[in-house]
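Please go over the structures that come below.
Shared between the two complexes below is chain A, which pairs with chain B and chain C, respectively.
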Partner chain A sequence: MNLNRHDSASPAEYEAARPVARRRRPAGQPPLALIYGLLLAPAAFLITFNYIPALSSLYHAFTEWDIGGDSTWTGLANFRALAGDPVFHKSIVNVTKLGVFAFATHLTVPFIVAEMIFHLKSERWSYFCRVAVVLPMIVPGVVTFMLWNFMYSDAGILTELLMRLGLHDWVRGWLSDPKTALWAVAFVGFPFAGGFNILIYYAGLANIPGSVLEAAELDGLGALGRIVRMHIPLVLQQVKLLVVMTMIGVVNGFESIYILTMDGGPGYETTVPGLYMYLNGFSYQRMGLACAIGLLMLLFLLAFTVTLNRFMRTGDYEPET
Partner chain B sequence: MASESVKKRGRQLAGALWRALLALILLLTFFPFAFMVMTSFKDTHQFYHSFWLPAWPVHLENYAGALTDMQAYIANSIFVTAVSISGILVFGAIAGFLFARYRFFGREIIYYGMISMMMIPGVLLLVPSFLWVKRLGLLDSYAVMILPYVSGGQILGIYLLRGFFSQIDNDLFEAAQVDGAGLLRQLWHVGLPLAKPVLGVVAIVSALGVWNQFLWPLVTTSSEDVMVLTVGMLRYNTRVVGQYGRMFAGYTISAIPLGILFLLATRVFMKGITAGALKA
Partner chain C sequence: MSRFPYLETGQTAADRVLRTALRGAATVVFLILCCLPGLTLAGCEKNDGAASPEERAETANDVLRVDLNIYNPGTIPSGIGEPNQVSAELADAWHATRNGPRIRYQPLIQTGASEGEWLKTQLLGGVAPEIIHMNAEIAWPDVGKGWYVPLDPFLERPNPYVEGNKRWLDLFRNQALVNAKRAPDGQLYCIPLDIVETGIYYNKDLLAQAGITAFPETWREMEEVLGRFKAMNLIPMTSGGNLGSDWGQDIIFEMLYHDILPELDLAPSRPDAEGYLGHYLEPREAGFLFTKGFFSTRDPRWREMNRLLLEWRGYWARELKNSDPIRLFLTGRLATLWDGSWFIRRLATDPYVDFEWGVAYIPTITQETSPYASGTPATVIGGAAIQLHVTNSAVLNDNLEDCIDYLMYLTAPQNIERLASESLVYIPNIRGAEMDPRLEPFNEIFQRRYCSIKWLESFDGEYKKYWRRMLDYYLNGGVEVDEFLVMLENNFAEWVEAHRGEPGWDFGPLETAWKQKEADLVRELEPAR
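And then the complex of A and B:
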C-alpha cells in the first residue's frame, strides 16, 4: 500500500510491522477458518454420500456381503464366480449388441438431423426445430419407457399397425418372444432423434467459422463434399463427447429394461450387466457380487474413456454459456 | 445455360426432399407423445374402436381421476426437486466462488477431490449406497433422496461456477471489498447477479436429473408419504390396468411440471440440456 513507509516510520515500528505484513494474506483474503468452514458442508456431503459408498463398493467387491451388513473377505471369489457365470456372459453379449446398435444409431441420426436443421435457411424454423427435438424431454424418462412398453403390448401400436396391414402372422409378444425382446429394447426411442445429441452436433456446426464455410464453397465443394470433408472433421470433438456419453448410457442404462421386461427376461434375453448387478443386490441378496459387477463396469468405463482420450485428441468440449 | 437451370431445379428438389425427410423424422419422434395425449381423452370403448383417430366426446374425467391418484407423488417430486436444487445452488455457488477467488492451502487437492467424483456414475454404487443409507437410518424419508442428490449434483455446480467466477474481473469484487463487504456479501451482491445465466443452467440440469431419478427412490422409499412421481407411476400403472384413457391421462400429467418449466425458460432449458452432457 505504502511503499515508502520505512521513510516515515521509525525502524523499530517497521520491524514490528514486518512479520505481520509478511504473514498477512493478500488484500481482502478472508480468514482461512472461514474458507475451510464454508467448504466443510459440501465436503462432508461428498464424503458421506459419494466417497464412503465408493470405498465400500471397492472393499465389498472382495467379500461376501449379506443384507444385514455382515461381510466376510473372500478375495477374488466374486470375480471368479462371474468369470464362470453363464448369465453374466450372456449379459455382456446382450449389452454389446445393444451398444453396437446404439453407436450405429445415436451417433448418426442426430448428426443427419442436425445437418438438416443447420441447412434450414430461416433462423426461425431452425430454432423451432431445435425446440421441437428437445420437447419430448419434458416427459419423465420412466414414463417414456412405459409408453414404449405400451407400444409393444398386445393392445399397442405395433400390433395394431400390423393387423391393419393384414400381417397377422407377424404379430407377436414383442417383449416376451426371445427372438425379438432384445430388438424391442434396442428400438426404444426410434427414430433416435432425441434431444441433446442433436443440440450438441448443432452447436458444433454452428461454431464453424463462416470464413471456413465460404472457402469450401469457393473451392467448389458440393453439399455432400462439404459435409464429408469439412463438417465431419470439424465436429469430431462433439463426436468424441457423444461417444463417451453413449458408452456411459449403454453401460449404465438399464432403467428401460427394468420397465420393459422387469427381470431381463424372457430367460436372460434382455439381461445386461447393470440389471444383473441390480438383481444380485436387491433380489438375490448377493451384495458382494453386485459390488464386483459394479466395479467391473466402472473399470471398463474408465479404461474406455482413457483409451479414447489417447486416440482421439481433439481438445476439450466447451459449451457456450 | 439449360444445364444451369436443370442443376438449379435439381438442387431445389434435393432441398425439398431434405426438408420432407426432416419433417418425417420429427413426426415419428412426436408420434408416441401425440398418441399419448390423444388417447388420454378417450374411454375404453373409444380406445378400441377408434384407435388411430381422436374421438368425441372427450373424457376429461380421465384427468380428474389421474390427478387424484398422482397429486401426492407430484407434490413430493416438486418438493424433493426444489430443495435439492436449492442445496446444489448454495453449495455450488459458495464452493465455486471460494475455489475461483482465493488461494488457500490444499485448494487444488480439495477441488479435484470433489470433481473426480463426477467420474463415478452413481448407479454403479446403488447397492453399497443403499446399505449405507440404511445403516444411517435414512430409508423412506425425503432426506434419503435430497441429501445424496445435493451431494452428487453440487459437483457440476462447483465445476461450472468456479470456471465462471475465475473469468470475472477482480476489480468488481475489490470495489465491494473497499466498501467493507465480506466474502459472503461479495458473493451475494456482486457474484451471484453476474452468474445468473450459469446458475440457471445448473438449476435446469439438476432439475432434469433429480426429477428423472428412478432407481434410487425405487430402492430407498416405499411409503406413499414420500414417494416421488417416477416410482409412483409404477404403482399407478398397476392401478389403471386396462383403463387406457386414464393411464395416458396420467402419463400426460407427468409431463406437465417440466413442461411449465420449459415454457418459462426455453432458452435456459435448451442450453442446460446441452450443458448437461458435460456431466456425463
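And then the complex of A and C:
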C-alpha cells in the first residue's frame, strides 16, 4: 500500500495502513528491547559511578567527612575555611596564570597551524599534515608528562643543550626552582600545536562555503585580510567551543602537575585548585573540604560557560537572500 | 516470510552470520554486565575471611605462602642481572628435609605511597600469606589485633639447622637491633633477617681528576672537594628523590646535638636496645622538648642545622625530586651519590660501568664548620632490612610450627649467606654468615651508632607532608631560613597539639625528668659564643 499522504489514498486508509508499517521492524534491525537493554547496563554504571558520587559530593561539601567515617553537617564552614586559606588563594592565582597562558597558546597556535594546512594547495599534503598533527594524540598523556619530566631533569635534553652551548648560568632546576616551576609546567606540550584543536579549527575553515572564499578573492581581499575579516568571524563557533574546553581543562586538570612535581611544589608554587582538592580528599582525609573545592570549581565552570554563551555572539555564515 | 530473508534485505549470508554472532556477543556482554552488581555484592557479603575447613586442611597440608620481598624468586634486585632463584632452591630443599608443606612465594602487592591498606584487608580477613615482610614499626599499631604471632617463645628454642645452637635468638648478630624491633608491648613480632645501610658512592676517576687522593673526613674538607667538582661543571653530590634532605637533616642533627643528647633523652630506650638506639628520641619526647623551646626558633642548634643543610644543598643536583641520580652517576656527570647498600649490585654487575668507584660515609662536622659541632662521626641511616612476620593465617591454617621451622631454616648461616650473596643488596644479620666482600664497607659503617631521631618519620599525616613540602621549598630558595623556621615551628606546634593527650603521649613523666635537668638544658638554648 502506498503511504504517501499526498497521494490519493483517503486519510482513513492511510491511518489504517500506518500502524502496521510502524510496528514492522525493518529487516536486520535488532529488537528494541535489546537496544534498550544494552543501554540499561551502561546507564546503571553511569548513574552509580558518575551521577551518585557527583550528587553526593554536593551534599558532602557542607559536611566534615573523613573517608570511612560518618559525616557531620557543618553548613558553610568548609567555604569559610577556604575563604581564609592562603594555599587555596595561591592555587587560584596559579590556575589563573596557567589559564591566561593556555588561552594565549592553545587557542592561537592551533589556529595558525590550521590556517597553514587549509591554505595548502595539494589535497594529498593537506591530508598528510592533518594525519601528522593527529598522530601524536595516540601517545598517552602520562607518557608525554614523563618525557617532559626527563627533559627538565639534570640529565635531560634542556640542561644538556644549555651546557653544550656554554650557557651554564642559564641551567637551573626547572621544576625545583620556585621562580620557574609554574612556567615549566605550563610549557609542557610546547609548541602547543595540539591535534584536537587544529582539527576543530580546520573543520570550521573547511565549512566556509567556496562561494564566500571566491567572493573574497574577487573583492581583492589579501591573505591577512581574509583571515582577520572572514576566517576568524566564521570560526567563532569553534573558538567558543575551544575556549570552554580549554577552561575546563585548566580548571579541572592537575595530572601534569601531579606527575611533574608530585605535590604541587616547591612549596605551593604549582598547586592548583584541582590538585588541592585531590590532596585534601586523599592525602589529608578532609573529604568535606575537598567536596567544597569541587563544588566551587563546578560553579565557576558553569558560570563561565553560561556567561560565554550569553555574551559571545557567534553565527554561521548565512548567504543573503 | 521468505525462506531467504537476506536476499530481500540485500545482505549476504556472511553478513547475516556476522550480525547474528554480534547480537549473540552483545547479549552475553549485557548479561555479564547485569550480573556484575550481583556478583560484586556476593563478593562483599560478610565473610570471616577464612577458607572452608576442607580448603584449610588442604592449605595447611600442602602450602605455606611466603613473602621474602627482595629475595622472592624471580625478583631482579636493583633492576639488573639475573633473577633470584636461591629462595626457590631453599624452599625445595626445606620441603625435602622436613617432608612438610611446599613453599609458595607470594609477593605482597606493592601499593606505592599507600599506607598498606591492601595488606590490612588481607590480615583482617585472615587470608594474608603466612610469612610476610614489613617494617616492624608499621605492624606495631596492629599487634594487639592478633594479626601477628609473637615470636619470643620460639626464639628461646634451639635452631635445629645450626649445629650446637641452643637458643635461636642468640643466632642474631646485632642483638640491640633485634631488641629495637620489639613492639611497645615488649614482644618481638619479627625476624630481622638482615641489615640495610646507606653510603656515599664516589667516582674514583673524577676524584683523581680533581686532584683528590682520598675521600674527605671532615665536613670542611668535603665542602672543598665538592667545590672542586662544581668548578669542573660536574654535579658534586646528590641522592634519589627527597632522600638527601630527609637523611641530611637527621645526620646533621645528630652531629650538632650529640653532646646534649644524654640530657635531652628524657625517656631512655630499652636497656637491651641501647647499644643500637643510643639516645633515641621518640616522637613524644621530641614533642615535649618542643614545648620547652627546643627545635624551635629559640633553639640555636636547630637554626644551625637548617643553615648547614641549605649550604650543603648548594652542591646537590638542581632538581631534587627528578634528578635521575643513577643515570648521572653512571654516565660520569655526578661525582658522589648518597644511596643505599642496594646500589652495590648495580655497580658490581653493570658491564658498562667504566670507572673505578668506592664507598665512603658522610664526613664529620667539626668546630671549623660550626660552634655546635660535637666532632663525633656521622651516625647510621638504615637498620633492619627484611623483617619477617608470621601472620594470623599460620594460626588459622594450623601451620605455625611449619612457619617457624622454615624461618629457622632461612636463618641458618649457610642459607641466609646464599640469599644475601645472590641478591647483593643487604648484609646478613646472622652470626657465622659470611657476607660478600663487596658489601664490607657497609659493615664498617654499621659499627657506628644509629641516628637519634628520624625526623620526618617521627611526624605523621599532613604534618609530615607539610614539613617535607616546606623543606623542599626552603632548599630550593623559596624562603629564607628565618621564615622557614617559623613555618616549622607552627607545624610542630600543631602536631604536638594534635597528639597531646593521646595514649602514649603522656607528658607527666617527661615533665618530672625535665625538672631534674632544666637548669642545664635551658642553658643550651642560648646561642654559642
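We adopt the following convention: the second predicted complex is superposed on the first by the 269 of 321 C-alpha atoms of A that agree within 3 Å, B and C clash if a C-alpha of one lies under 4 Å from a C-alpha of the other, contacts with A are read in each partner's own complex, and residues count from 1 in each chain.
Everything below uses one rule, namely that contacts are C-beta pairs under 8 Å (C-beta built on N, C-alpha and C of every residue); 3 or more make two chains touch, one makes a residue touch a chain.
For clarity, every value in this text was computed on a predicted model and none was experimentally measured.
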item: First (chain B), second (chain C), both or neither touched by A:P30; value: both
item: Which superposed partner A:D177 touches (first chain B, second chain C, both, neither); value: second
item: Touched chain A residues, chain B compared with chain C; value: B
item: Partner chain(s) touched by A:Q237 [first = chain B, second = chain C, both, neither]; value: neither
item: Chain B versus chain C as contact partner of A:D263, first or second or both or neither; value: second
item: Chain B versus chain C as contact partner of A:L38, first or second or both or neither; value: both
item: Which superposed partner A:H168 touches (first chain B, second chain C, both, neither); value: second
item: Partner chain(s) touched by A:A155 [first = chain B, second = chain C, both, neither]; value: both
item: Touching partner for A:Y284 - first (chain B), second (chain C), both, neither; value: second
item: Overlap of chain C and chain B interfaces on chain A (superposed complexes); value: 27-28, 30, 34, 38, 41-42, 45, 150, 155
item: Touching residues on chain B, where the partner in the complex is chain A; value: 14-15, 18-19, 21-22, 25-26, 28-30, 32-33, 35-36, 47, 51-52, 91, 94-95, 98, 102-105, 110, 113-114, 117, 119-121, 123-132, 134-135, 147-148, 150-152, 154-155, 158, 160, 164, 173-174, 177, 182-183, 197-198, 201, 208, 211-212, 214-215, 219, 229-230, 233-234, 237, 244, 247, 251, 254-255, 258-259, 261-262, 266, 269-271, 273-278, 280
item: Residue numbers on chain A that touch chain B, as the complex places them; value: 26-30, 32, 34-36, 38-39, 41-43, 45-46, 48-54, 56-57, 60, 65, 67, 69, 109, 113, 116-117, 119-120, 129-144, 146-148, 150-151, 155, 157, 160, 190-191, 193-196, 199-200, 203, 223, 241-242, 244-245, 248-249, 252, 255, 258, 274, 277-278, 280-282, 287, 290-291, 294-295, 297-298, 301-302, 317, 319-321
item: Complex interface listing, chain C residues touching chain A; value: 5, 8-9, 11, 19, 23, 26-27, 30, 33-34, 37, 233, 235, 238, 317-324, 327-328, 331, 333, 461-462, 465, 469-470, 472-473, 476-479
item: List of chain A residues in touch with chain C within their complex; value: 27-28, 30, 34, 37-38, 40-42, 44-45, 149-150, 152-156, 159, 163, 168, 171-178, 260-263, 265-269, 283-285
